[in-house]
Amino acid sequence: MSQTTAARADGRKPDQLRPITLVPGIAPHATGSVLIGFGDTRVICAATIEPNVPTWMKQQGVKGGWLTAEYSMLPYSTLDRKPRDIAKGRIDGRTVEIQRLIGRSLRAVVDLQKLGQNTLWIDCDVLQADGGTRTASITGAYLAARLAVQKLIDEKKLAENPITDSIAAISVGILESRELLDLAYVEDKDAEVDFNVVMTGRGQFVEIQGTGEESTFSHDQLQSLLALAQKGLKQIAAEQTAFLTKQLLGTLKI
Amino acid sequence: MSQTTAARADGRKPDQLRPITLVPGIAPHATGSVLIGFGDTRVICAATIEPNVPTWMKQQGVKGGWLTAEYSMLPYSTLDRKPRDIAKGRIDGRTVEIQRLIGRSLRAVVDLQKLGQNTLWIDCDVLQADGGTRTASITGAYLAARLAVQKLIDEKKLAENPITDSIAAISVGILESRELLDLAYVEDKDAEVDFNVVMTGRGQFVEIQGTGEESTFSHDQLQSLLALAQKGLKQIAAEQTAFLTKQLLGTLKI
Amino acid sequence: MSQTTAARADGRKPDQLRPITLVPGIAPHATGSVLIGFGDTRVICAATIEPNVPTWMKQQGVKGGWLTAEYSMLPYSTLDRKPRDIAKGRIDGRTVEIQRLIGRSLRAVVDLQKLGQNTLWIDCDVLQADGGTRTASITGAYLAARLAVQKLIDEKKLAENPITDSIAAISVGILESRELLDLAYVEDKDAEVDFNVVMTGRGQFVEIQGTGEESTFSHDQLQSLLALAQKGLKQIAAEQTAFLTKQLLGTLKI
Amino acid sequence: MSQTTAARADGRKPDQLRPITLVPGIAPHATGSVLIGFGDTRVICAATIEPNVPTWMKQQGVKGGWLTAEYSMLPYSTLDRKPRDIAKGRIDGRTVEIQRLIGRSLRAVVDLQKLGQNTLWIDCDVLQADGGTRTASITGAYLAARLAVQKLIDEKKLAENPITDSIAAISVGILESRELLDLAYVEDKDAEVDFNVVMTGRGQFVEIQGTGEESTFSHDQLQSLLALAQKGLKQIAAEQTAFLTKQLLGTLKI
Amino acid sequence: MSQTTAARADGRKPDQLRPITLVPGIAPHATGSVLIGFGDTRVICAATIEPNVPTWMKQQGVKGGWLTAEYSMLPYSTLDRKPRDIAKGRIDGRTVEIQRLIGRSLRAVVDLQKLGQNTLWIDCDVLQADGGTRTASITGAYLAARLAVQKLIDEKKLAENPITDSIAAISVGILESRELLDLAYVEDKDAEVDFNVVMTGRGQFVEIQGTGEESTFSHDQLQSLLALAQKGLKQIAAEQTAFLTKQLLGTLKI
Amino acid sequence: MSQTTAARADGRKPDQLRPITLVPGIAPHATGSVLIGFGDTRVICAATIEPNVPTWMKQQGVKGGWLTAEYSMLPYSTLDRKPRDIAKGRIDGRTVEIQRLIGRSLRAVVDLQKLGQNTLWIDCDVLQADGGTRTASITGAYLAARLAVQKLIDEKKLAENPITDSIAAISVGILESRELLDLAYVEDKDAEVDFNVVMTGRGQFVEIQGTGEESTFSHDQLQSLLALAQKGLKQIAAEQTAFLTKQLLGTLKI
């Protein structure tokens, strides 16, 4: 791993995560919710059950339930106010990509058959953006979904837990030839290479998206970045387990 | 005032407000922000300065700045998930009415000339909806705007305070012939008459919207409802002052 | 009431209505229609019955019929041509507010149960705009609806009259400290306070919307404006009765 | 010409126009306006001058003015209420075709160079639809434009008349093998062949649109239909001249 | 026919068609397809069967099938790149007119009853535009439809051929007082008069659209242009027959 | 690599590409174009130069040119007709993702400074879809761009070649535990893991997108899939070079 000894802008070491904060119940009308923070990045993650499935599932006769995600940046989440999608009349391309990624990732650890004829909606609204909002969204969405599932089980609305594993995500990248874990915005905007890695608690990959816009990367750099991501994801999984253990007391079986 | 002695669903007396909660700094990237709660109703209010004015002002040669508001219900704010505006491709009529009301109300207490060539954006996003979201939005928006203005003054970006008075709003209504202050959702949905009253800290009216959908109301009922609203608004103004005094220490001149 | 003795721009006294004109049958394919004029303000009001109810009523199992309103300014109704909504691809906020107000007002005097499984569409298209188009729309819409109902009764399509009272609306406002009835455009655009009052023929309020954009108003001013509105509304109700009596001859029971 | 001796549904002979009615000044805020009727078909035609030209003309450096048309059916113009374009969010294909036809036709008799840097807007709103709304629109739009031009000349806003000839339009068609002039709706909806012919006062063609949906027509039928249209258009041109002579007194030079 | 002896820009005589090219099977997933060329104008024409009919047919209880057409210019079909409709969010007026014309024309030679409960979609995408794209689209769409029908008959999905005649279209116009057949773009853009004529193989007219934007035309010119179009259409019909005979071998009954 | 000895549906070996076909000049009005085929997948790739840059570049003062991509599936590219985006009024999420990927990939091998104040538009329209349309688009888009650049150089519109390397893309995936190169649609729709890999001619990665929807994958599988992709990409790069050498004769410097 090629790197200088200089500290990062916020004083972190190259392989150091930002502090993670987790506030449960931020949106009490959701079935489950959490406010997740990675440093200054803060995302409201909510999971809401709806007793219905999409029209295409009915038309195609697909059994079981569905899980879908929506992602949005609140207009005051950025330093310069970001206009709402509805003010422009359409969702921008970046938002579409992110909400599809969140939905796809969560579905990898949910047995849709066990959801019954229900849709589990995942909503991620960014309250403060400082890099890594999509990976924070996935990490927090898992927690909101797990809390929602437990509530449904407690209320006898679900017979068993449809979630098969935990899931989390993190960014890694190359900035000025240094490989960095969990990029803050000032790092991300200038990074030569940018990876988002989604992984389960058992260490299986769910999604890898690596891009070198206006740049490229070698096979060795790829290997090194993946190792860095895996290291960070192991720590995040531990924090997820600690949080859920506390929230769900003895009832949790993750 | 015609009323029974029975308590309301949440145990309040007819002329009793719900507990008000105020959390400053909920959205740190905004110029000023507050999370306001009236009982279970919780709204993120943010004020953001943008160094620009709308095109129509430039075209018409209007001097000074502008203030505009946007309002949205987050999808998990309601017990049944509410689809986002962007999913339907258009803002619904109720949202348009509310955001116009918020903007109009705030402009009544802001001297736009003193804003300079800036737009003050007011964003109100409902995190939990239990009735009175528009009045909570106005009440919280004033606080967010006041915090934003103080920050701009402290940073020498504004020469003087353009806010001329405090402003707050509350709902009153008639339910089963009883006149009630600050209606919760279960009361609001069945109310025969529904008023929203916006008033300044000095006791001047800014806006009165009273409607009796599928019903009507008499001149006497109107007088009685306005008196009830004024009583509640005096209490809210006191809570606003206490909050700002604490937040702004000795620097506040409201 | 504080006021100077000077005449208004069109020579009226402060408490004087503009001349009201009523032309029945302006749109013969509608079930009922009228061209209403308040001075130079002219609005085509049409009521059309449709043997169907909105989808949400069917889904929610709501019985009876529905009444809804649409409002539009024809492009040549203003001195500077006003682009059509469809040219911009969306309805502007002011239009949404007005058509919701018209619908809500009319529903206050219609017993929807007696409409059967029908929707009564109210369409108000402004042919010439000189202030007070929304209040002229409500006033004319009542007449169009009443004519439509009579036709449906005569054709045995309705068993009884679902309209429970007449309804009319008028604006009042404060301009240069004078309280004025029925504001023309030149008065309305500079008014410090602007009220729209909707009232039934029996003198019950249906809706009060009072706003002091970039201004405020006192409790005494509110009382004085409401009295002025009530005076005007009594005259308008008399003109409505005279018109319907002539149109419906002996068949009318208003 | 193959035809039976039986009368048409409204008693007309095959080569007989419906009665034409012309009401000037229907929309006083327009620069010129007329309410035109062909039997029960009634269209509001308005011409409004706007001191501006489209962006594409400026970008391409095209000199002179522009003329453009918009057409709309008011929702109560049809026996079954027709939803507004804006309610569906888009203009339907038929409307687009018609408003392009109206604009193209009028431009054939307007010298755009003589309009100056202005746009002449033509608006045609159908108040009552009984067949032939597009041809009535063209015929009335010419009159509205001519009145508008005269007003602009009288006000010294135009130096000379940019209109080079009168213009009118009519439909002809084949119904049950009979060739008919000026089809009413009951004839039009079942016609095997349907022609719209636009012609100048001097007898030159401007546009011919002939279609045999789900049918075809021969060369002989084409010739016969064109002769029938020309006969009707000669009468219409005479009525246009009589109307303008009366409206413009001695000032008219058509 | 008034004309000079000078050759046209591409060396053709006034009454000479451009070379026609026909490539079958350009889009193998369509039921039938052809790439048609008139000189440099090239259009992908595809016919696809869908086992369904539009909602309005079901609601109105209309029997049989349906045929509808869509037309689009690919962004690289013009010398200056033409933005896609979806980039602007709406179909432009010219596109709407053309796709309605294509659908109407094809329906004139298809017995919809014989289509069964199916929709035959006609798609015309312009690969290279050099004038006459709408007439090339109609001419090629017929061939794609005929190939599609034969495939459905061969696969026993249709009992008999619903196509009752061949159909083709061509443009004629007047440029610098010369009457020209099959206008290329450089001729079309400056033409004083522009006609599109649609005709069946048996010589019946299906549609005539003639316009003289910013110009007019006489009765004699009309006759002369129609004769020129008929001459060209006879040649095109012969080429269509030759193509289909080769493609369908002995199986074709056109 | 875990794999059975059974052949794939189309008889290929697991590490075998489908036959690649390349037709230059498919869209002559584009600056450069190619019809690329991977087996039955066929995509029209066109590159068009536009002498302008996006508004955001001008506003932000960014120097140089821009490259952007649009992707679309023609409605007849799929076995069941796929409705056009414009018919639904919006671009679907998958399309947005793909066109962003194409643009990002191409920009990695283009020195935007050398483009001057121009935008290079990349358009990819799928004529026939059988899996791998996005990777075929990238592979063909490079060729179209290279042909366009050469034309601009030959016409003296570009001083030097802004393309810094060749670029190509391929899919790899896991189906029934077998690792496969270049998945056809029947393989892709059931694959447990699906990777798209974009690589330059010099063997540097540009983008890796790997997903296991409703599944996950291990570190070993990831390594094995990347090796398989690299093998295929080496062959594709060779075919690209051969094609360009032939098209550009001695003028090519790739």
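We call the chains A, B, C, D, E and F, going by the order they appear; numbering starts again at 1 in every chain.
Heads up, the rule we're going with is that contacts are C-beta pairs under 8 Å (C-beta built on N, C-alpha and C of every residue); 3 or more make two chains touch, one makes a residue touch a chain.
Labels paired with UniProt names: A, B, C, D, E, F = Ribonuclease PH.
Keep in mind it's a predicted model, so treat the numbers as computed, not measured.
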Review point. Which contact partners do chain B and chain C have in common?
Key: none
Check your understanding: Just how much do you need to spin chain A so its Cα atoms sit on those of chain E, in degrees to the nearest 5?
Key -> 120
Revision key, fill the gap. Between chain B and chain E, the Cα-mean centres are separated in Å by 60
Practice item. With chain centres taken as the means of their Cα atoms, state the distance from chain A to chain C in Å. Key: 52
Check your understanding: Measuring from the mean C-alpha position of chain D to the mean C-alpha position of chain E, what distance in angstrom results?
Key -> 29
Exercise for review: Provide the C-alpha centroid distance between chain E and chain F, rounded to the nearest whole angstrom.
Suggested key: 33
Exercise for review: Could you list which residues of chain F touch at least two other chains?
Suggested key: 89-90
Study note, to complete from the structure: Interface with chain F, chain E side, in the complex: residues 26-30, 33, 40, 44, 46, 48, 50, 70, 72, 74-81, 84-87, 89-91, 121, 123, 125, 127-129
Review point. Once bound in the complex, which stretches of chain E touch chain D?
Key: 90, 93-94, 96-97, 99-100, 104, 107-108, 200, 204-219, 222, 226
